[in-house]
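Scrolling down, you'll hit the structures one after another.
What follows is a pair of complexes built around chain A, which joins chain B in one and chain C in the other.
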Partner chain A sequence: MSDLRWVIWLIPALPLLGFLVTVLLARSERAAGLIASVAVGLSFVATIASIAVMQSLPEEARRLNIVLWEWISVGAFRVSFGVLFDQLTAVMALLITGVGGLIHIYSIGYMHGDSRPVRFFAYLNLFIFAMLMLVMADNLLLLFLGWEGVGLCSFLLIGHYFDRRSVAPGIVPSEAAVKAFVVNRVGDAAFLLAIILVFSRLGSISFFPNEALGINGYLERAPELAFTQVGIGFLGSIGVITAICLLMLIGVTGKSAQVPLYTWLPDAMAGPTPVSALIHAATMVTAGVYLIVRNHTLFSASPTAAGVVVAIGLVTAFLAATAAITQFDIKRVLAYSTISQLGYMVTAVGMGAYAAGMFHLLTHGFFKALLFLAAGAIIHAVHETQDMRRMGGLKDELPTTFRIYAIGALALAGIFPFAGFWSKDEIIAHAWFTVQNPGAAVALIVTSMLTAFYMGRQVALIFYGKRREPGTPAHEPGNAMRIPLFILAAAAVLGGLINLPGVHWLSSFLEPVIHEPEVVYTLGMGILATIATLLSIGGAYLGWWLYARALAGRVRPGRDDPALRYLGDLWRGAELGWGFDWFYQRVIVRPYRNFSQTLSDVFDRQGIDGILVAGPGRILGVLAHGVRVAQSGFVRNYALAFLIGVVVLVGYFTLAGR
Partner chain B sequence: MNQIGFPLVSLIVWLPALGALLLWLLPRDNTAAGRIVALAAAIGALVAAVPLYILFDPSQAGYQLVDRVGWVSDWGLYYSVSVDGISLWLVLLTVFLTPIALLASWGSDVANPRLFQGLILLLASGMTGVFVAQDMLLFYMFFEFTLVPTALLIGMWGSDERRAAAIKFFVYTFAGSVFMLLGIIGLYLIHGQQTGVYTFDLATLLASLQLGAIRIDPLIEQLLFLAFFIAFAVKVPIWPFHTWMTTAHAEAPVSGVVDVAGMMLKIGAYGLIRFNVQLFPNAAAWAAPAVGVLAVITILYSAWVAYGQSDLKRLLAYASVSHLGFIVLGIFALTSQGIAGAVVQMVNSGVTTSALFLIVGMLAARSGERDISSFGGLWGTMPVLGSLTLIMVLASIGLPGLNGFVGEFTILLGAWLSPVLGWGFVLLAVLGVILSAAYLLRMFRLVFMGEVPAERAAMPDLQGREAIVLGALLVPTVVVGLYPNILFGPMQVTMQQLAQTLTQTLASR
Partner chain C sequence: MIEIPPIDWSVVLQLCIIFGGATALLMADLFIPEVRRRVTGYLALAVLAAAAIAGVAPWGCRGHTFSGTIQIDSFSLVLNWIFMLGAAITIVLSFDYLPRHGINRGEYYVMILFAVGGMMLLAQGADLVVLFLGLELLSITLYALAGFAYPRTTSEEAAMKYLLIGAFATGFLVFGIALVYGATGATNLAQIGAVLAEGRIDGENRIYLMAGAAMTVIGLGYKISLVPFHMWTPDVYEGSPTPITAFMSVAGKAAAFAGMTRFLLTALETQREIWVPILAALAAITIVVGNLGALTQQNVKRMLAYSSIGQAGYILLGPLAASERGTEAMLYYLLAYTLTNLAAFGVLIALEARGEAAWNLSDLGGLWQRSPGLAIAMAIAMLSLAGVPPTAGFVAKFAVFTAAWQAGQAVLVFIGVIVSAIAAFYYLRVVAQIFMSEPTREVEISSDRVLAFGIGLSVIAIVLIGVLPARLLNLI
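Right, the complex of A and B next:
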C-alpha cells in the first residue's frame, strides 16, 4: 500500500480547494455551507485513510513525508514545502477535521440569514487548511506558515462583523480582530527568532532528515547541544537549547493565549459563536501545545526552559480560572475557561507529560467545542442575548440544550466519568507522582475546583431560577445545529476511553513520536483522583448552590455580582482579567500612538526636515551667494560642490604622483 | 557583440524612450493613439524581457548579454550594458511595472496625458539603464537622468506642495550624487595609475580588485566607500535622509502612478550592492555595524512614524522606507542570505507597495479624499478591492505564503548569520515585523472596517482596468510567496561568488 502515501496531501488540499471554490464560485449561503462542509468532511476521510495507510506500513516506516517542492534555498539554507504525517500529526488532524467538520455543519444552521455567509464559510475552510498545514509541516518555517495562517484566519473571523460598531459585551469587532493579529505577532516575532536560532546552531530547520533534499533533521540533534552556551551580551550567557525553547515559548504564549499574551482571546469572541468554538477552543489555540510536543526533544533537554513553561502554564491556569468566575457574558466565561485549560495543557507538556497533555488537548477539544456550540444555541434561543444576568430558568424551556450543556460542564469540571476527568487526572497524577512536584499538583487541583465552581455558577445562572428578563419564549435549535451537538456530547462523555488507565490507547499510539515510558497505575493515583474529583464536585455544587439558591435573588440584569460585596477589589481585579489589558493600553499602546504623532510632526518635519535638510541648504546657499556662480539654487550648489570636489581629488592624485 | 548577436538589453532599455519619441511626434489631441503607443512601447520592453529571462544563464556569475560599443574610447568610456544575477530581477521588475503604471494612469484625468506618459516612459528607460549599465560613467548618467522626469512628474502633476517637493527631491538626490561622481573619478584614476588601463568598466575594475591587480589604501577605500555611500544612502533613503522621499510620495500625483515609478527606483539599494559591497568589501565590513544601526533605526523609526499618519500616501511612503531599512540591513549583513534576501525584498516591496499606492489612487479617484479618517467600512461595499487590499497588506507585513515574507525572513536570517552584524541587530529589526502589522492593519481597519460613512456608501467596487492592474500585481505576490526559488534560482551563483569574496575579505581582516 506504500504507493498510497500521496493521500496525506489530500488532507490539507481539500479544505484549500474548498476555500477557493467557495470564494470564486459560491454565491448562495446554501452552496457555501455545503461546499465548505463537504471539503472538511472529505479531509476527515482522507485523515482516516492516511492513518490506515500509515498503520499498514512496517513500524519503523510510520512517518510519511512528501516533499512537494523546495520552498526557499539560499546558500546553505534550504527548506522544503513538504507535509509530514506521523502519529502526532494524525491525532491533531483527526481533531481538526473531525471537530472542525462538526462546527461547519453546525454553522449551516447557526449562520442562516447572516449577511456574509459565503465569506464566513470560505474563511472557515481557509482556517482548517492553515491549521492542517501547521500540524503537517515537515519543518519549522512551513509550520510558521500555518501558524501565521491561523492568526490571519482568526483576524478574518473575529472581524466577521467588521462593519458593526460593537457587539456584546461591548467589543468593537474590527479592533478585536486587529488586536488578535498584532498580539499574536508579538509571539510570532519571537518564534521567528527561534527558527533562525535553530538554523544557525543546528544547521537545519527540518524536523526529521529529509532524503529528498538531503538535509538533516534538527530534532534528533538537540541533545548534542544540551550543554552548549551562547553569549547574550552583557546579560552573560544562556544555553542554546534554553534560548530556543524560551523564544518558542513566547510564541506559544501568543498563539495558545498564555500569560502575558493571552489578552486577545477574551476579545476574540467578537466573531460568530462557531468561530469561538473552532478557533478559540478546539483547534487554533492548541497550536502552542502541539509546538512544544513536536519539539519535545528540545524542551526535555532544557530543564530551565521546561520549568518556565510549567510556571507560565500554572499561573495562566489559575489566573484565568479566577477571571472566569467573575464574568457575566456566557462566552467570556468559556473564553477564560479556555485560557485556563490551555494553561493545564502547557503545564502538562512542560512537566514532560506529553501524552497527558495531548489527551487533555483532545478531550478539551470535544467538550469546549460542545460548550461553545451549545452556548451558541442558547444565545440564538434567547434572541442574541449573551448576558447571563438576563437569562435564568432556561432548564424547562430548553431541556435538550440544558442536558447537552450540563454534559459539557461536567466534562470540563473534571467530574467522573466524563472525558475531562480522565485527562485532567493524568496531568495531576503526573505532577504529583512522576515529577514529584506537589506544589504544582495542588495548584492544578485548586484550579480544577475553581473550574468546577465557575461551571456550576454558569449552569445555575443560565438554567436555574426564574427567567430574569421575560421575553419571547426560547426555542430549541434545529437539526443542523442539534446533530453536531449530540455527537460532541457523546465525545464529551466517552472521550476518556481513548486513554483509559490500563488501556492507554492514545499513549501507545503516540509512543513512537514522544517516547514516553508507560505509566504504571498505583493505588495512590486512585486516591489522588478520588480526592480531586470530590473537591471538584464540591466546587461545582458550591457554584451551583450559591447562584441557584443562596444568592440567586440578588442577580439582576445590569447589576454587579452579589459576590462582589464579599470580595471587593479582588473580584474586580479578576473581572478585568487582572489588568493585563489595562497595563498594555497605558504602558505600550497609548504612548506608542501618541508619540508616533509627535515623532511625525515635531521630529520628522521640524527636526530632520527643518534643521538637517534645510540647514545645510541654507549654509550652502549663503556660501554660494558669495561666489555667485550660477542663477538657480540647485545648479549653484551642485556646481560648487562639484568644482571643489574635482579640484581636491585631481589635486590629490596629481600630488600623490603615483 | 554578445553571444546572441543581438542587442537585447539595449532594446529593453531604449524601447520605452523610443515610445516617448513617437508620442512626441503624434498629434497632441489624439489621446487614444497616445495611450496605445505608450502602452505598446512598455509592453514591447516587457515582451523583450522574456527572452532575456530565458537566455540568462543562471550558472554564470558575471555580466551576461553584454552590448558594448566604444564611446570615448581614449578615456576608457564605453556604452556597455548587460545583466547579471543581481540586476536581472530589477530589470524585470521595472519592465513589469511600467505597463502597469501606464495602464493605471488611463483612468485619472491628468492634464496633458501625452507628456505624462512620455515622462513615465523616459523614466522607465532611465531606470532600466541604471540597472544594466556596466560602465560607471554610464551608470552615473542614467542615474542623474532619472531625476529629470521624476521631478517633472511630481512638479507638474502633484498635489498642493508639488513644486517644493519636486525641488527638494531634485536637490537632495543631485547633491548626494555629486559625491558618487567623485568616487567614480577616484576609482578611475586609481585604476589607471596602478595598471595603466584607464577604464570605467565595472567588470574590469572588479576583476582587478579581486585579482589584486590594484591595491587601494584602506583609508582611500573608506573614503571612496563613503563617497558612494552618501549618494546611495540618500537615494535609498536611509534615515535621516528619508524626508525627501516621504514628501515626494505625499505630493506625487494622487493616482499613485508616479509612486509606482518610485517603487521601481530601487537604485540606491542596488548601488549599495553593486558599488559599496562588491567593489569595496573591506570598507563595507568596516562600515557594516554603523550602517546596520542606521538600517535598524530606519526600520523602527519609519514604522513608528507610519503608525501616526493620517494621509494614506504618507503612511505608505513611511512603510516603504521601513522596508528599505530591511533591505539595507540585508545588504550589509554581507552574507549570501542577506544580500539575496535584499534583492528579493526590493522586487517584492516594489510589487506590493505599488499595489497599495494604486489602491489609494483608486480610493481617491472615487472619493477625492486620501485622508484615512474619511473612509471606513469599505470592505462591505467594495468586497473585491477590500480583499485585494488585505492580501497586499498581508504580503507587505510578511505573511508566510505571500512574497514579502521570503525577503524579510532571509534578510533576518542573513543578518543573524552575519559575521559583521549578528543577533543583536536581528533582535531589534524583528520588532519591525510587529510594528508593520500594527500600522498597516490599523490602516486597513480604518479604511475597510468599521461603519461606512454615509457619503462613501455608494463607491463602486473594482472595475475592469483596475482589476487587470491589481490582478497583474497579485500574480507575483502569490507565486513568489509559494515558490520564491523562482527569484533565488537565477541569482544563486552570483550570490555564491559574492559571498565567497566577502567571506575571504572578512576572514583576512
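Right, the complex of A and C next:
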C-alpha cells in the first residue's frame, strides 16, 4: 500500500478544491452547503485512508513526508513545500475533518435563509484547508502559513454578520473580527521571531531531516543546544531553547487564547454559532497545543520554559473558569469555558503529559463542539436570543436538545463516565503523581469544580424554572442539525474509550512521536479521581440548585445576577474577564488611536496631503491655466509666438555657431 | 545633350507603387458608385500592402539614386512601414466614419496615399530639396484632408489655420534651405556635412549657414509641434475629421521626425554642441507645455492633441542622444505611439457614431458597462500613453530615457520622468471615468466590425510589442 502515499495530499487538497468550486461555481445556498460538506467529508475519508496506509508500513517508517517541491532555496535557507503525516498529525487531521465535517452538515440547517451562504461555506472550507496545512506542514514556515490562514479565516468568519450593528449587547461583529485578528498578530509576531531564531541557531526549520533533499531537521538537534545562551541586550542572556520556547509560547497564548492574549475569544462569539463551534472550540484554538506537542523536544529541554507554560495554563484555566460563572450570554459562558479548558491542555503539555493533553484536546473537541451546536439549536429555538436570563424552562419544550445539552455539560464537568472525566483526570493525576506538584493538582481540581458549577448554573438557567420571557413557543431543530448533534453526543459519551486506563489506545498510538513512558496506575490515582469527581458533582449540583431553586426567582431579564449581592466587586471583576480588556483599552488601544489620529491630522492631512500633494497640484493647475489662456484661437497670436521662437532659435544658432 | 545618370529603380520602388497606385486609384474611383465607396478604401489598402511587401526585398541594403538625392536604408524602410501601418489603420478607421459624416468621397483615400508618398520622400530624402518636396506634398494633402468635412465650420477653420501657419513655416524652411545653399554651395545633406567637417566655412558664410540651419529646424519643428511652433496643433487637431487627426498626429509627426533626424545627424553632425543644448531645452519646454495643456482639458480630443505635443517632446530625446541607440529608441517610440494614438482616436471615432461630437470626458463615463471592448481598448491606450508596463508606451519611454541618459542628458531625463508622472493624472482620469462613472448622456456607439477590427489590432499590437520589445528593437 505504500504507493498509495499520494492519498495524503488529498487531505488538504480536497477542502481547497471545495473552496475554489464553491467560490467559482456555487450560486445557491443548497449547492454551496452540499459542495463544502462533501469536500470535507471526502477529506475525512482520505484521512482514514492515510492512516490505513501508514499503519500498513513497518513500524519505523510510519512517518510519511511527501515533498511537492522545494519552496524556498536561498543559500542555507531551504524550505520544502511538503506534508508530513505521522501519528500526531493523524489524530489532529481526524479531529479537524471529522468534527469539521459534522459542523459543515449542521451549518446547512443552521445557515438556512442566511443572506451570504456561499461566502460562509467557502470560508469554512478555506479554514479547514488552512488548519490541515497547519497540522500537516513539515516545517515551521509552512506551519506558519496555515497558522496565518486560520487567523484570516477566523477574521472573515467572525465578521460574517459585518453589516449588523450588534449580535449581543456590546459586541459588534466587524469590531470583534478586527480584534481577533489584531490580538492574534501580537502572538504571530512572536512566533515569527521564534522561527527566525530556530533557523539562525538550529540551522533548519524542518521538523525532521529529509534525506532526499538534504535538509536537516531541527527537532532532534534541540538537546545539543541545551546550554547555549543568546544575548537579549541589556537584560543579559537567556538559553537559546528557552528563548525559542517562550517566543513560541507567546504565539500560543494568541492562537490558543491564553492569558494575557485571550481577550479576543469571548468577543469572537459574534460569528455564527457553527463558526464558534468549529474554530473557537474544536480546531483553531487547539493549534497552540499542537505546536507545543510538535516541538516537545524543545520544551522538554528547557525546564524554565515548561514552567512558564504550566503557570500560564493554570492561571488561564482558573481565571477563565471564574469568568464563565458570571456570564449571561449562553455562548460567552462556553467561550470562557473553552479558554479554561485550553488552559488545562496547556498545563498538561507544559508538564510533559503530551498524551493526556492530546486526549483532552480530542474529547474537548467533541463535547465543546456538541455544546456550541446545541447552544446554536437553542438560540434558533428561542429566536436568536443569546441571553440566558430571557430563557428558562426550556426542558419541556426542547426535550431532545435538553438531553443532548446535558450530555455535553456532564462531559465538560468531568462526571464519570463521560469523556471529559477520563481526559481531565489523566491530567490531574499526572500533576499529582508524575510531576509531584500537588499545588497544580489542587488548582486543577478547583477549576474542575468551578467548571461543574457554571455548567450546572447554565443548565439550570436555560432549561429549569419558568420561561422568563414568554413568547412564541420554541421549536426543535431540523434533521440537518440534529444528526451531527447525535453523533457528537455519542462521541461525548464514549470519547473516553480511546484512552481508557489499561487500554491506552491513544497513548500507544502517539508513542512513536512523543516517546512518553506508559502511566502506571495505582490505587492513589483511583482515590484522587473519586475525590475530584465527587467535588465536581457537588459543584454541578450547587450550581444547579442555586439557579434552579434558591435564587431562581431573582433572575430577571436585564437585571444583574443575584450572586452579585453576596460577592460584590469580586463578581464584577470576574464578569469583566478580570480587566484585561479594560487594561488593553486604556493602555494600548486608546493612546494608540489618539497617536494615529494626531499623525493623520497633523502629519498626513496637513503635511503630506496639504503641502506635498495638493501644493504641486495647485501650482500645476495655475500653470495649465496659463497654457490654456495662451491658446487664444487667433492665428495672429500663434504666428507671434512662432516668430518669437524663430528669433530665439536663429539668434542662438548664429551667435553660438560663430 | 544632357546626360541622364542611371536610375536605380529598386531604391524608389515603394515610392513608385504609392504614387502610381494613388494616381490609378484617383481614376478608378470615378467608376466606383458612391454606395460601394469602401472598394476605393480596400484598393488603397491593397496599394499600401503592395508597397509594404516591396520593402522586404531591399531590407539590409543601402543605396541611393537620382544623383544621390534619394536613398534607401533600414532607417527609411522602418519609417516607411510605420507610415504605411498608420495610413492603413487610418483607412480602416475611416470606413464607418466617412458615410456617417456625409463625406464619403473617394479622394479621401487617394490623398492619404499621396500623403504617405510625401512622408516616404521625407524618410528617404538625402537632399534638402527632396525633404522640402516631401514636406510640402505631405502638408498640402493634409490641409485638404483637415478641411475635408467642409460643410462643417470647425473643419474649415482647422484647414485654414493649418494652411496659414503652414505657409508661414514653409517660408522659413525655403529661406533656410536657400541660406544653407548659399553658404555651402550644396543641398545634399552628406555634402553639407562634409563641408562642415572640413571647417572650410568661416565669417559671414558661417553665420548664413547657421541661420539657415536654424530656419530648417524651425520648418521641420513646426510639423512635429515643437514649442513654440505648436500653437496650431490643438485647434487643428480638434477641428479636423477624427481619422485625419489620428493620421496627422502619428504619421505626419513621424515623417517630420524622419526629416529632422536626417538633417541633424547627417548635415549638422559635426555641430552637435551647438544644436543639442537648444533642442534639449525646447524638448523640455515641449514636454512641460504639452502635458500642462492636457492637464485641464475636459475635451478628450483636445486633450489628445496636447498629449501629442508632449509626446513629441519625448520622441525628440531620441535624435538628441545623437547615437544609434537614440535613433532606435525614436523609431520604437514612433511605432508605439502610432499604434497607441490610433487606438485612442479609434475609440473616439466609435463614439461619434451619430455624426456628432462625443469627446467630452463625461461622454466616456460608464463606457465599461456599455461597451467593455472599447473600454478596455481605451484603457490600454491611455496606459500606453502614460507609459505603464506592460504596454508599448512603457518600453518606448524607457528606451528614449536610456538613450538620453547615456548621451549625458540627465536633466532632461529627470524633467521627462517627473512630467510623465504628472501626465499620468490626466491619462488615468480617462480610465477612471470609463470604469467608475455613470454616463451623463446617451451616446450611441458604432458597432462597425471593421472599425472594431482596426482598434483591436492596434491594442493587441500595443501589448504585444510592449511585452516582447526585444525582438523588435533588434530588428530595427
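Methods note: the second predicted complex is superposed on the first by the 597 of 658 C-alpha atoms of A that agree within 3 Å, B and C clash if a C-alpha of one lies under 4 Å from a C-alpha of the other, contacts with A are read in each partner's own complex, and residues count from 1 in each chain.
Definition applied: a contact is a pair of C-beta atoms (placed from the backbone, for glycine too) under 8 Å apart; a residue touches a chain by one contact, two chains touch by 3 or more.
Keep in mind it's a predicted model, so treat the numbers as computed, not measured.
K.L.:
When the two structures are overlaid on chain A, which partner does A:534 contact: first (chain B), second (chain C), both, or neither?
P.N.:
In the superposition, A:534 touches no partner, neither chain B nor chain C.
K.L.:
Tell me which partner A:593 touches in the superposition: chain B (first), chain C (second), both or neither.
P.N.:
It touches chain B, and chain C stays clear.
K.L.:
Could you tell me if A:200 is touching chain B, chain C, both of them or neither one (first, second, both, neither)?
P.N.:
A:200: touches chain B, not chain C.
K.L.:
Looking at the overlay, does A:503 come into contact with chain B only (first), chain C only (second), both, or neither?
P.N.:
After superposition on chain A, A:503 lies in contact with neither partner.
K.L.:
Contacts for A:74 in the overlay, against chain B (first) and chain C (second): which applies, first, second, both or neither?
P.N.:
In the superposed model, A:74 contacts chain B only, not chain C.
K.L.:
In the overlaid three-chain picture, which partner chain does A:141 touch, first (chain B) or second (chain C), both, or neither?
P.N.:
It touches chain B, and chain C stays clear.
K.L.:
More chain A residues touched by chain B or by chain C?
P.N.:
So, of the two partners, B touches more residues of chain A.
K.L.:
For A:175, decide between first (touching chain B), second (touching chain C), both and neither.
P.N.:
Once the two structures are laid over each other on A, A:175 reaches chain B alone.
K.L.:
Could you give the residue numbers on chain A that contact chain B in one complex and chain C in the other?
P.N.:
Comparing the two interfaces on chain A, one with chain B and one with chain C, the shared residues are 633, 637-638, 641-642, 645-646, 649-650, 653, 658.
K.L.:
Could you please specify the touching residues of chain C with respect to chain A in the complex?
P.N.:
160-161, 164-165, 168-169, 172, 206-207, 209-211, 213-215, 217-218, 222, 227-229, 231-232, 234-235, 271, 274-275, 278, 289, 292-293, 295-296, 422
K.L.:
Across the complex, what residues on chain A touch chain C?
P.N.:
620-621, 623-628, 630-631, 633, 635, 637-639, 641-642, 644-646, 649-650, 652-654, 656-658
K.L.:
List the residues on chain A that touch chain B in their complex, please.
P.N.:
Touch residues, chain A against chain B: 69-75, 77, 81, 116, 119, 141, 144-145, 148-149, 152, 155, 159, 162-165, 172-175, 177-178, 181-182, 185-186, 188-189, 192-193, 196-197, 199-200, 233, 592-593, 595-597, 599-600, 604-605, 608-609, 612-613, 617, 633-634, 637-638, 641-642, 645-646, 649-650, 653, 658.
K.L.:
Which residues of chain B touch chain A in their complex?
P.N.:
Checking each residue of chain B against chain A gives 167-168, 170-172, 174-175, 178-179, 181-182, 185-186, 189-190, 193-194, 240, 242-244, 246-247, 301, 304-305, 307-309, 335-337, 340-341, 377, 379-380, 383, 394, 399-401, 406, 409-410, 412-414, 416-417, 423-424, 426-427, 430-431, 433-434, 437-438, 441-442, 445, 448-452, 482-485, 488, 492, 495-496, 499.
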